[in-house]
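Quick one: the structure is below, questions incoming.
Chain nomenclature is as follows: A, B, C and D, assigned in order of appearance, with residue numbering initiated at 1 for each chain independently.
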Amino acid sequence: MFKVFWERFKHNKLALSGLIVILVLTIQACFAPFIAPYNPTEQNIANRLSPPSGKHFLGTDELGRDVFSRIVYGTRISLSVGFVAVGVAVLIGTLLGLWAGFFGGWVDNLIMRLVDIMLCFPTFFLILMVIAFLSPNIFNIMLVIGLTSWSGLTRLIRGECLSMREREFIQAARLAGLKNNRIIFVHLLPNVFTPILVFATLGIGSAILTESALSFLGLGVQPPTPSWGNILTAGKDYIHTAWWLSFFPGLAILITVLAYNLLGEGLRDILDPKMGDKNG
Amino acid sequence: MEDLLEIKDLKKYFFLKKGLFSFNKETIKAVDNISFSIKKGEILGLVGESGSGKSTIAKLIVRLIYPQEGKIFFKKEEIGKFSREKLSKNVQMIFQDPFASLNPKLSIGTIIGEVVRVRNKISGEICSKGEVREEIKRILATVGLPINILSDYPHQFSGGQRQRIGIARALAMRPRLIIADEPVSSLDISIQAQIINLLLDLKEEFNLSFLFIAHDLNLVKYLSQRMLVMYKGKIVEEGLSEEIYRNPQNLYTQQLIESIPKIKYWL
Amino acid sequence: MIPLIIGISLISFIILHLAPGSPVDSVAGMNIEVSADSKSRLCSLYGLDKPWYIQYYNWLKRIIFLDFGDSFKDGRKVRTKILERLPATLLLNVLSLFLIFLIALPIGIKSAVKQGSFFDKGMTVFTFVGFSIPTFWLALLLMILFGVKLGWLPISGMHSLNYENFSFLGKLWDLVKHLILPVFCSAFGGLAYLSRYSRYTMLEVIRQNYIRTARAKGLPEKDVIYRHALRNALIPIVTLLGLSLPGLISGGFIFETIFAWPGMGRLGYLAIMSYDYPLIMGVGIIAAFLTLAGNLIADFIYLCIDPRVKYK
Amino acid sequence: MADILEIKHLFVEYYKRKKVVSALRDVCLNLKQQEILGVVGESGCGKSTLALSILKLILPTEGKITKGEIIFKGYELWEEDYLGDKNIISMGDDSLRKIRGGEIGMIFQDPFTSFNPVFTIGEQIYESLVLHRVGKDLNTYSAIHKEAINSLKRVMIASPQQVMNSYPHQLSGGMLQRAMIAMAISCRPKVLIADEPTTALDVTLQKEILDLLKKLQQELSMSLILITHNLAIVAEICTRIVVIYAGEIIEEAGSEEIFCRPRHPYTIRLLGSLPYLKPEGKRLVVIPGTIPDLIDLPVGCKFYPRCDEASDTCLQKINMKEVNKGHFVRCCRVKEEIDGLY
């Protein structure tokens, strides 16, 4: 099965290019100290706000720090926020979705009302609020983004499970005398793997966007730790003089999120059962 | 002959909400006061059109849904008091749609193997992995499938082969009674005959009993000695197939036999 | 509907109590501006000495009448403060929504009908960039380009300084100029998303049997697409209208802040930054209510265009 | 009777994940005026593709007609001065639209999904009438309305006005299929193609729909192509039958000839596998194996891998052979004399 998947993946230009960019970014995050030419927090007031040049090829910021080095280190923040937040969301979303879809009845009702409430809230305001009350550190940010972004997945998985419950293989599993847990995790879960994978990939992109927006509003990862959002915030005050300060971190966000979106959509194309055989 | 399954005054009503805001509900009498019995080693045919309640009866017997009223006895014991395992051990089902009845993400070995394992657990036997594999292969051979397909997935098989896998899964439990809910109606004609013949072979080899549900009267007549005709939740006619076919008493049965397209050149 | 309101208020209430220690202490601890006076006012507002369910009940009773208490900052009623900001927010959001539907729908349809064409491929690239771009960054870039470098458009606020001296048309033109950037930025993300979604829905609908029937009848292709397919594709798209509201309102918190737009989002952001409790709660709940109202409108439109709903 | 439709050497291909699915190969068929032609085959043999090809309804994204001609002779027969293109495949869009619905009507398998759910039945019938008859014989609203009601009455719908005002989801399957037939015949087509018109319906309705089709065919003197997998249905009403297997016509003959003197091994076994009139205890005839993969077809005879009479001669290209008057078979081993094979 994996062979077939890889065969299709190789021919999907979108997914492949997304994956390559993501690999490069991951390497960049892991080996940041070897890639960054300068210490990202080292200040050099004499050399402040210098435009891109051979020495600092993305320029320096208002405290004379090397923008390129800061962006390289910022990768770590963005990627880890993306991964952990999505991990939390996938865990909650999948479990609740499977339960709602499998048990139905009042369990389903309760979970779906919860989802409705989450969907009604302007999530970003909720995140802002919570982060403001609990100090804005990276751990809280990951957790809060994760806790506020599971509802879409729950809805998706529940829908899939409900339609699957009508399908005869689930009835057959019941008739074989299997326990509920086995039916949920062995029979249902593999069948919702595709939406989970796609959700996770697209979710990482959107979590990175949320984190950078938070940082941009001053409620993200706090300086001097470099994050793409807070470099951009600093840039906001110098838009008249130092365009590079706001341009490059934004571009970094764009490329990263784009890579995840390309991979996610590519995976959807490859794995969507509607595109393939009846059940392949 | 002895009764294997006996159904007494079975009722199942569904309640549908009529409108978005209305409180009065529409009652659908899916199974309305039905009694019949299946004898050991017989194929009992159950004929009716869609919505007549024949699938509801199947689901009630295997307790995928529960009746409002009435009792079902298996060898004189009430099925309602059976544990899930005990019921599974005795009654199994073959489904209509060979594409929907196999989990696309599980291998054939897993699909049949988990049933074998449940059976071993019930009977208290302890089987090694190798023994389970041997058992799966034996069952696959019984239903006429190659025995080297354990690690293959359902999408690699055609409709007819999938239906064989479904039958193998039911057989893996070594049940006494098999409920076959329209097992061939979504298969091609040339494949239908293969499956029908297989069911007949299995019946003889394992002395199985069948409740054979179908909308095709010809098929039921060919397979079963005795049949029931269902219409709107009620059994309207019951008796020997040959008899019903030749001399239907009920108005609906007459209409049903009337409307079967006949190959006039053969008469 | 009612469980939703209760749920929303309950979550807000829980968050209020989320801060370590009593909210009063945390608020007072973080914000020096909070005087002893406002502390006691907060105490009485939430009845903090009573058990939590009594507190919740009392609080719920008040928010039904939209009574969120007084702002810490200037002591004015939260309700008044929000109400005077609401029109600016509504103006921004309604215009964005309008723009999104006006542009995204035709793009989506054309992409679907000409699947695989040059236009479709171009639009696919646009939509991908569209929902990957950090919109606040886009806002900054546009500000640099049109505000700073070219000087064509104002980059903050709703009116110019000498607004009062303008004629009526002058005032209107001034408002339009101030609106262009915020509306464009806040519509941008939704634009990409909705085009993609309309394309997808349209592709789904085109595959249906009734489209084949329509062709078999001899209908010209444009009738098949714009009469038979579009009517059906609109149904899921309208449901998206309701779902896209929270995103728009969330976006408001960013864009109103960037463009110093005097709306509710900016008010909320400033309230959070100064820990103005009653105001935060007020904005949160009003925003949730707006979303709910949007959903209701979407449901109503849904009822009008899908004949199957009425008879369910 | 003269031919009204003639299909010459039709080849159709589908594309599935960049692989070519050969759906129809070298199909030659003629439809006479006022005859009922049955097309029988198992699922995936290409019978629906044949129906769609006749109206050129195969979506360009899914597949295409690669070779062949479909000549519509209706114009020639009714309007003697007709000089335009008679080949549906190369016809311009305007002429094609006149053929679709106007000259050749079509009924589909699933009545529930074949009506547009957001329009009433009436609106959908009007649409056909406005397309094909306004400017000819119907010019006022009330005339159109009357004609729509008439069509519904013709298909034995008791309360036509009520059905006109209903949305598809409010009607039963049998009622919808009647309305579908009413819509198809409302423009008085000369040919009606019915693709599995009763498969989604109950047995009791099946009979009614078939009787209705037969009645309409005679009343309106149409030609009818009935496509189905059910041999018994074609036996009931068709005058001539073609059997399709894996994208090729393998046998063609008059109804009685096919059922009483089938010559192709596949047809013979197919008839034997039916449970009709089987004496107690006698097993059904089984055709081993499954239908071939249309992406990777066997060479020569497509039935060869499942045929127990096959020999090496079956591996060559096999053409249709006339074994009796009007009885064609595509089999190299076919015996000249009839023997009791089944």
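By our rule, contacts are C-beta pairs under 8 Å (C-beta built on N, C-alpha and C of every residue); 3 or more make two chains touch, one makes a residue touch a chain.
This is a predicted model, so every value here is computed, not measured.
Placing every chain at the mean of its C-alpha atoms, the farthest one from subunit B is found to be C.
The greater number of contacting C-beta pairs, out of the two interfaces B-D and A-C, is seen for A-C. Centroids of subunit B and subunit D (each the mean of its C-alpha atoms) stand 34 Å apart.
Mean C-alpha positions place subunit A and subunit C at a centre distance of 22 Å.
Note: centroid distance subunit A to subunit B, computed from Cα atoms, is 47 Å.
Inter-chain spacing, taken between the CA centroids of subunit B and subunit C, is 54 Å. Residue positions of subunit C touching 2 or more other chains, listed in rising order: 311.
Taken together, the subunit B residues at the contact with subunit D in this complex read 49-50, 158, 160-161, 188-194, 196-197, 200, 215-219, 221-223, 255-256, 258-266. Those residues of subunit A whose C-beta lies close enough to touch subunit B in the complex are 1, 167-169, 171-178, 182, 186-187, 190-191, 193, 277-280.
Contact residues on subunit D toward subunit B in their complex (touch as defined above): 42-43, 202-204, 206-208, 210, 229-233, 235-236, 255-256, 259-260, 269-270, 273-278, 283-288, 290-291. The touching residues of subunit B, counted against subunit A in their complex, run 62, 64, 84-85, 87-89, 92-93, 95-97, 99-106, 110, 114-115, 118, 122, 153-155, 166, 169, 173.
By the touch criterion stated above, subunit D contacts subunit C in their complex at residues 52, 55, 57, 61, 93, 97-102, 105-106, 108, 110, 113-120, 127-128, 131-132, 167, 169-170, 180, 183.
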